[in-house]
Amino acid sequence: MNGFESWALTLAVFLPLLGAALILLIPKESETAVKTVAFLTAGITSLVGLWILTAFDFKSSGRLQLDVNVPWIDVINSRYHIALDGISLPLLLLSMVITLLCVIYSWDHFPEPHNPKAFLALLLVLATGMNGTFVAQDLILFFVFFELVLLPMYFMIGVWGGPNRQYAAIKFFLFTLFGSALMILGFLALYFLGDNTFDIPELIANGSTIARGTQILIFGGLFMGFAIKVPMFPFHTWLPDAHTEAPTVGSVVLAAVMLKLGTYGFVRIALPILPEGAAAWAPWIGGLAVIGIIYGALGCLAQRDLKRLIAFSSVAHMGFVMLGIATLTDYGINAAVFGMVSHGLITGMLFFLAGSIQERFGTREIARLGGLLVQAPRLGWILGFCAMASLGLPGLAGFWGEFPAILSAYNPAGGLPVGLFRGFMVVASIGTVLAAGYLLWMYQRTAFGTPKEEFEAKHIHDVHGPEWVAWAPLLVGIVAFGVFPGLLFNITDGAVQGIAKSLDGSAETADARSGATPVREEKLPLAEEAAH
Amino acid sequence: MLENAWVIPALPVLSFFIILFFGKRLPKGGAWVGVAAVALAFGLSVVAVGQWISRPATLEVATHHGSEGEGQTVEGDDPAHGAAEGEHDAVREPVRREVTWFSNGPIDIKVGTHIDGLAVAMLFVVTTIAFAVHVFSTNYMADDVRITHYFAALSLFTAGMLVMVTASTTLLLLFGWEAMGLCSFMLIGHWWEKHENSSAALKAFFTTRTGDIGLLVGISILFFAAGQTFDIATLNEAALTGAISKGVLTVGAIALFCGVIGKSAQFPLHTWLPDAMAGPTPVSALIHAATMVVAGVYLVARVYGVFWEGFNIAAGGVNLGAVIGGVTVLIAALLAFVQTDIKRVLAYSTVSQLGYMVMALCVGAWTAGVFHLFTHAMFKGLLFLGSGSVSHAVHTFDMREMGGLRKFMPTTYKTFLVGSIALAGLPPLAGFWSKDEILTGASAGGFPIMFWMGVVGAGMTAAYMTRCVWLTFFGEYRGHGHPHESPAAITVPLIALAFLAAVAGFLNAPGVGLFGDWTNNAVTLAAGVEHHAFSPFIAVTSTLVAIAGIGLAALWYVRNAGPHGITERNAAARAGYTFLLNRYYLDHLYTDGIVGSIKGPIARAAYWINQNVIDGIVNGVGIAARKAGNFTYDILDQGMVDGAINGSAAAAGAGGGFLRTTQTGRVQQYAAVLFAATAIFAVVLIVVTI
Amino acid sequence: MILNQFLMLAAVLFCIGVYGVLARRNGVLVLMSIELILNAVNINLIAFGAFHDTIAGQVFALFVIAVAAAEVGVGLAIVLLIYRNRRSVDLTEINMMKG
Amino acid sequence: MIAQNLIFGILSVVMGLAALRVVTTQNVVHAALYLVVVLGGVAGIFILLAAEFAAITQVLVYIGAIVVLFLFGLMLTKAPIGKAANLDNDQKFVAALVSVMLFGVLAWAQIDAFQRVEVQPDRVGTSAMVGNSIFTQYLVPFEVISVLLLAALVGAVVIARKD
Amino acid sequence: MTPLLDYHALAPELILTVGLCLVLVVDLFVAEDRKVLVTNLAGLTVLASLVPVLTLAVDGADRAMFGGAYAVDNFALLLKGLFLVTGYVTLLMSVNYLDEGDYYEGEFSFLLLSSLLGMTVMASARDILSIFVALELLSIPAYLLAGWRKRDLRSNEASLKYYLLGVLASGVMLYGMSLIFGVVGSTNLYEIGEVLNSSFGRLPLVTVGIFLVIVGFAFKVSAVPFHSWAPDTYQGAPTPVTAFLSVASKAAGFVALMQLVFIGFLGRDDVWGPLFWALAALTMTVGNLIALRQTNIVRMLAYSSIAQAGYILVPFAVAGDSREALATAQSASITYLAIYAAMNLGAFAMVIAIARRTGSGELSSYGGLFKYSPALAVIMSAFMFSLAGIPPLGGWFAKFMIFRAVIEAGTASAVVLGVIAAVNSVIALFYYANVAREMWFSPSPEGVDDRSRVRVPAALSAAVVITLVLTLGVGVYPNAIARLGDMAVLVR
């Protein structure tokens, strides 16, 4: 391993922090310098990301690569262990790209009260937290990065947010902290039961020795931490508030990357380390996931605020991701990872759009909008495109998060209640219709028709330069991943297979222990009768 | 060409992107790019057809159960039949070409093309109609503000349909399927400034999406049932060889059929299709008559093995598909009577005809169903374009503002008439042959109910088309414009399609049977789908019924038209009138009692039920969803879930407030607490530790 | 003499002292009550010292006496300070800060 | 032994009553004087337990210094000499309850622990022994307490003085 | 025969003693307007006494005198270091406060040094008599310091309440000590430990004695329900004194508790285990809940420090569960104390700094701080969120160690306590974040026109920088503090 290889991930994580520190040194008045530094930092970080992409050995994407493993906190045997595999890589790149795009997007529209210096510094700190979470291979390191994102986001919402920002900011903060407080208890339990280590790969190797009952308990702790971040029903109520009140860039980062921290946690930590706990929890997770799908969709139907609608749609979409995870199968987890990325691209894009619409019209109230296609056709069509992507139209990235999740629910991992999961599958499929419902209904009211009187005379800019630059990669990504899902699946699959292998049969052994016979056959008794 | 069939869908994809990105800067908004791409695709499809026809039948297929014993054989000169005498039949081997799309562990998910007779036929149909529609649109839509978008969407649509028909896997099929849905949405809502249009677009999208629930579920079920593959050929084989249990097949087939119901506008999800007429007429011709709506039919034909086994078609009697198809035939036909909008008449007619196709497939008449799809595309595309031509002239679709147009627009009139007769099923035009085959299949396949439904439907079809033609082209012009014949870009496609509508039926006429031969494939053979011989009795019956329908309708409209006499104006009407008049003592009751009641109360009641109950349910579901949304959000989410959160926060605050009051500020009270706590804790501790 | 008689006396003094601390209004009287408490402790210490035959009890008691002296001095200084500013040593009135 | 018990009985009754008066009397000066009685009684108890040095210190420090300090305190705070109403606050009942509870616990635990164990002070704790102990084993606390007294002195002066 | 006194071991205390006498003397000869010199001298004394602490640490050997009654081991050294640094930072915070507030400076330094001396002695005291005397030495100057703003009624009140309750608590504690002494017949903690491990230790009287002693220190560390003095005293006392009380004095209480409980009472974990469990749960919950409703920042920090004490008590509650848990618990408490010291001192330093502009401790006066003095707002937020335990600020590691102790113990009651602590850390965030909210999100209050940057004097800046660096450093690289905490474990 040459020098840069051992430094690449560290750079990817800490360059933004360095940039933030640099920005703090620049006087507040020289805004251009601040922006330039932020742009360069995010850009160089992305270049590092590109380099990582070239250095990554795709043939063995299941192996942890670019490993750095040095002592950190000896006393608790916690190490600075960062590395990435096929699951981390796409998310890390997503985080980098989103950060860069956010810097570009905010180039000349900083929300009130302006102050680019603080805003960009916070954004870069946020980036460090996000990047770090995706590469951390040590529970404590993971925890620190996982929490590191809270503060910047709190301030971002609170300072630059909408009218109800203070409530939203604290709510976001409290919820997440509540989850992570229980999560850290779970981590500690893993430490003591998993041979006094916080190292994730080691724990995966050791973890299955933990007794089933204990696994279930610990999984409960981790579940709280991750599920709130995801957010799963019924822990989702922070999300609409946070999204609605956050400034555009904040919403984008929140939706595109931060929600993934939770699902990533499930995939990276909770599932492989606690396979039997996962198997015991899976039906509940699946149930909450499909409730979330329907519930989020119904919530969307009731929204009058564009951003809030998109926020609720995240609840539904993350439901699909969680459903995939709950199946504990390779299909499901692949779908989940794909869902994370595609949701990142699509919902991130939707929030950009909502921000731009608000900037132009001064409102996000759906009822007051209308005829966007008349006044700003490009904006309108992009909105339509994203709505279509969001509702899971095949050919666009969203589909690959949804359909394989549904698919995998038909055949969950051995030992899980097949009938129940098939029920989930049907409910989730209904969710796709509801998704079409709320998105198109929103689209009809905002983009179709003719402009409302109050905005009739107003000159509305169509998409402008920085917006194009910031959006184009996302739009291209949505199409590219939609048409060539292999771009992503082939990266994630290796790693996912590893996880699926560790999960394989966990539910069965659990069942065997509890004396039940595993159910694993294709025949549905009901259908059998119907056929005759 | 067969190996490189991917090029055919790729062309419109290419043109889509060209139009999307450069259309605005191209002359005519990029329309010609689309036309050129489709023309090329059409050409290539024709090449493909040629190559397919000339492909030797090399694939030996074991037949499931021989049809020879019953003496009902396919045409003698059928090369496929030559081998049917033995245990094996030979068919043309499908041309497959696949690449790995992505992998999931050991399972490679592939995409590719699967070209067989069905695919080739569909390629031909789609490119033909698409070409005609493209050409038609260059004029029809010339002045539209969004011609670029229009052509982009049209290109994308064509691509979607072509992808679907060539797809080798259910997954890729789903891609094309949904892409069409998207384009349908965009094109129905093309004039989105008006709320009704965008609502219609939404409705179409939702309704088909609702059906797609089943499709998604079905594909998932069959994916695992077939051993983790989306491959359709494997799936069919697995279904027919019994590798998949009957129960799973049944569930899978029902699930898939939900998708069919949505996409092919079968009862009860048919209500979106008439509304979809809000889109430009060429779109209606292409998407909502000839191609997209037959996607469901195509799906059934494509994964026939699943339906064959899942619906237990070989057993005859009734099954879900056949019932739905039959009911759709009748319901939609009934509804067509009361429409005043010419396009809506055609729309209901389309629904009805789709019912025929579905019914055909589900009574085991595979070839008939596919063939009807083929002929229907020709004459229904023609009829829609004809109606477009009419509206181009009179700027309305309301038949009450038309009348007498045959004088102003002779070409349109003639071609429309050809289409109508083909639709009505009068020999020797296309509709007759395909409809006849369906009826034969239903009768011989052991589906008497479906047979009679089909027969009644045939009569009704003839009747409502008579009404339509009458109101549009006969009588006095009731509008306010100055009708004129349309330009060549419009009439040429009409003529071309009229030609096809007239002659296409002969492809599978008794003694010709080419279509059946070309589309013959391993699946139907393995399933043991029987091809029933031409039955003169049925042919005559259906013809007579159709004529009766025409006659009765003509009679009705004569009576409505008043004493001036229809006979002077129209020969066909005169013939019908005379025919009816001779039997007037019977038919007085008949016309008033049956036709009248059909035309009047029953049709109206049916329409009312349709608009208020079925459509009401469809709309109601939407409203209910929104209501449920409001409830979920306002009561559950904001009230209870969030309320619990905020409530616990408030409780914490209140707890803090209460505890504050214990901090009285008086030092001796603090001291009292100190000592009291000491005393109490001490007692407790002693009790605990003793 | 049994040990417990001393211990009971101490307990009585202690509790009377506690009562005084809790029930008296005047700051100086409260300080006096505290002395009762400390003296109770001293009785205990000396009695236990005698019981165990060790000098440590006495030594401990001496330290307590010394500390008590210092405490009383400081306490009176504080009471005086309060008196100077408020013209009252009524403890029940001193409740500017609460909640 | 009887004499000792007799003396203890008298002392304890006097001390108990005097202590009660300290906390109940409505005359502040009386309270101080009753306190003297209690403190003196304590010295007597010390003697009974053969702790002479402690007894002497008790008299010197408490009666000689602390009570005087209290009287100064009463004077300086202009406490009403003579009977005054309202020397008690409104939580007498609570105070009594708490004290009784506390007494119950302590008494029970003490009786439980030592039952009827005899205490026989046969060695007089001389000042030499005390000094020896303080300057060997308890040297550090002793030094500390000297600093403590200094600090209390300086601090009390600063706090109590007018400025 | 080994000499009675080990002067090297006693050097920190000796230097302090000499220094405080020097301060007292020099104060007499320094003119009124140059009293800063005295404070500087006091600061130098503290720094000088840190030197032997370091040399002793380097030396590494455990030293003990008077039959183990006075020990200089890693535990003692670490905590002496902690006390001295805390004292130094407090002095830094006081310099301008006293100077500008026109309070007695020389005597202030003297009393502070006295109190520090008491603390350093406390860290080594393994004898209940020494512990008692050290406690008094560290408390009595503190009673006086609380009333240092003599003309301020609140300060008077603070002093009175602190004094009265403090004396009562030490009375209770003494009574308890007398009972323990009565059963054991010795004041030496190790001997006490031995006896309490025997059948004598099972006496209910011992239970009462242990309990009364713990009550005395529960008061010192302001554990609920013995906390009620703390808010009033903290609010009324001069802010540097409050900082000192809430950090050093509280730490001293914990140090004493650790020595008593882990050496003396170790055998009776059935008494102190549940007791600390209840105290910890109550303290965290009550402290946090009441803090939610505070509008005065100092008072809020007072309740916050009560709640923080609750967290520190958590390891005590689980220490008796197993041998491993005992070591982990001690290391957790020590680590928490050290980190808490840094962040809480920092918070108070910031309160002093900000009060230089706002002149008020009311939270509402903090509005708009981020706009006119962003650096102060950021730093104050850092301390607040560190107290809340948000990574990467030091507080997270402190909380982490607590949780670690809880999970290491692994019993059901331990885990429940852990969950209570977790929930409490969420409640706590609300009011900590509220401070940040006021500074960042709210506009300046009406009538505040001065929008220039707040100027912070050098000494105060130094205090802020020291605490900030420690807080951040620990958060990012907790290894150093964790290792120290591990080494300083009193009983393994």
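Should a chain be cited, it is by its letter among A, B, C, D and E, assigned in written order, with residues numbered from 1 in that chain.
Here, a contact is a pair of C-beta atoms (placed from the backbone, for glycine too) under 8 Å apart; a residue touches a chain by one contact, two chains touch by 3 or more.
Worth saying up front: this structure is predicted, and the values here are computed from it rather than measured.
Counting only chains that touch, the fewest steps needed to get from chain B to chain E is 1. By the document's definition of touch, common neighbours of chain C and chain D comprise B, E. By number of C-beta pairs in contact, chains C-D lead all other pairings. Farthest chain from chain B, judged by C-alpha centroids: D.
Centroid distances from chain A, each centroid being the mean of CA atoms, peak for D. Taking the mean of each chain's C-alpha atoms, the chain closest to the overall C-alpha centroid is A. Per-chain CA centroids place chain A at a distance of 70 Å from chain D.
In this assembly, the C-alpha centroid of chain B lies 103 Å from the C-alpha centroid of chain D.
Centroids built from CA atoms put chain B at 37 Å from chain A. Computed centre separation for the pair chain A/chain C is 64 angstrom, with centres defined by C-alpha atoms. Residue positions of chain E touching 2 or more other chains, listed in rising order: 129, 132-133, 136, 140, 143-144, 147, 150, 159-161, 164, 168, 175, 179, 204, 207-208, 231-232, 293, 430. Across the assembly, chain C contributes 7, 14, 17-18, 21-23, 27, 30, 47, 51, 56-57, 59, 63, 67, 70-71, 74, 77-79, 81, 91-92, 94-99 as residues in contact with two or more other chains. In chain A, the positions touching at least two other chains are 174. Each chain pair that touches appears in this list: A-B, A-E, B-C, B-D, B-E, C-D, C-E, D-E. Residues 1, 4-5, 8, 12, 15-16, 19-20, 22-23, 28, 31-32, 35, 38-39, 42, 45-46, 48-51, 53-54, 57-58, 61-62, 65-66, 69-70, 72-74, 76-79, 86-92, 94-96, 98-100, 102-103, 106-107, 110-111, 114-123, 125, 129-130, 132-134, 137-138, 141, 145, 148-149, 152-153, 155-157, 159-160, 162 of chain D are the ones that touch chain C when the two sit in their complex. By the touch criterion stated above, chain C contacts chain B in their complex at residues 18, 21-23, 30, 91-92, 94-99.
Of all the residues in chain D, the ones that touch chain B in their complex are 89, 91, 94-95, 98-99, 101-102, 105, 109. Chain B contributes residues 660-661, 663-668, 671-672, 675 to its touches with chain C in the complex.
Partner chain D is touched in their complex by these residues of chain E: 4-5, 10, 17, 20, 24, 65-67, 69-70, 104, 107, 110-111, 114-115, 117-118, 121, 125, 127, 129-130, 132-134, 136-137, 140-141, 143-145, 147, 150, 159, 175, 179, 183, 203-208.
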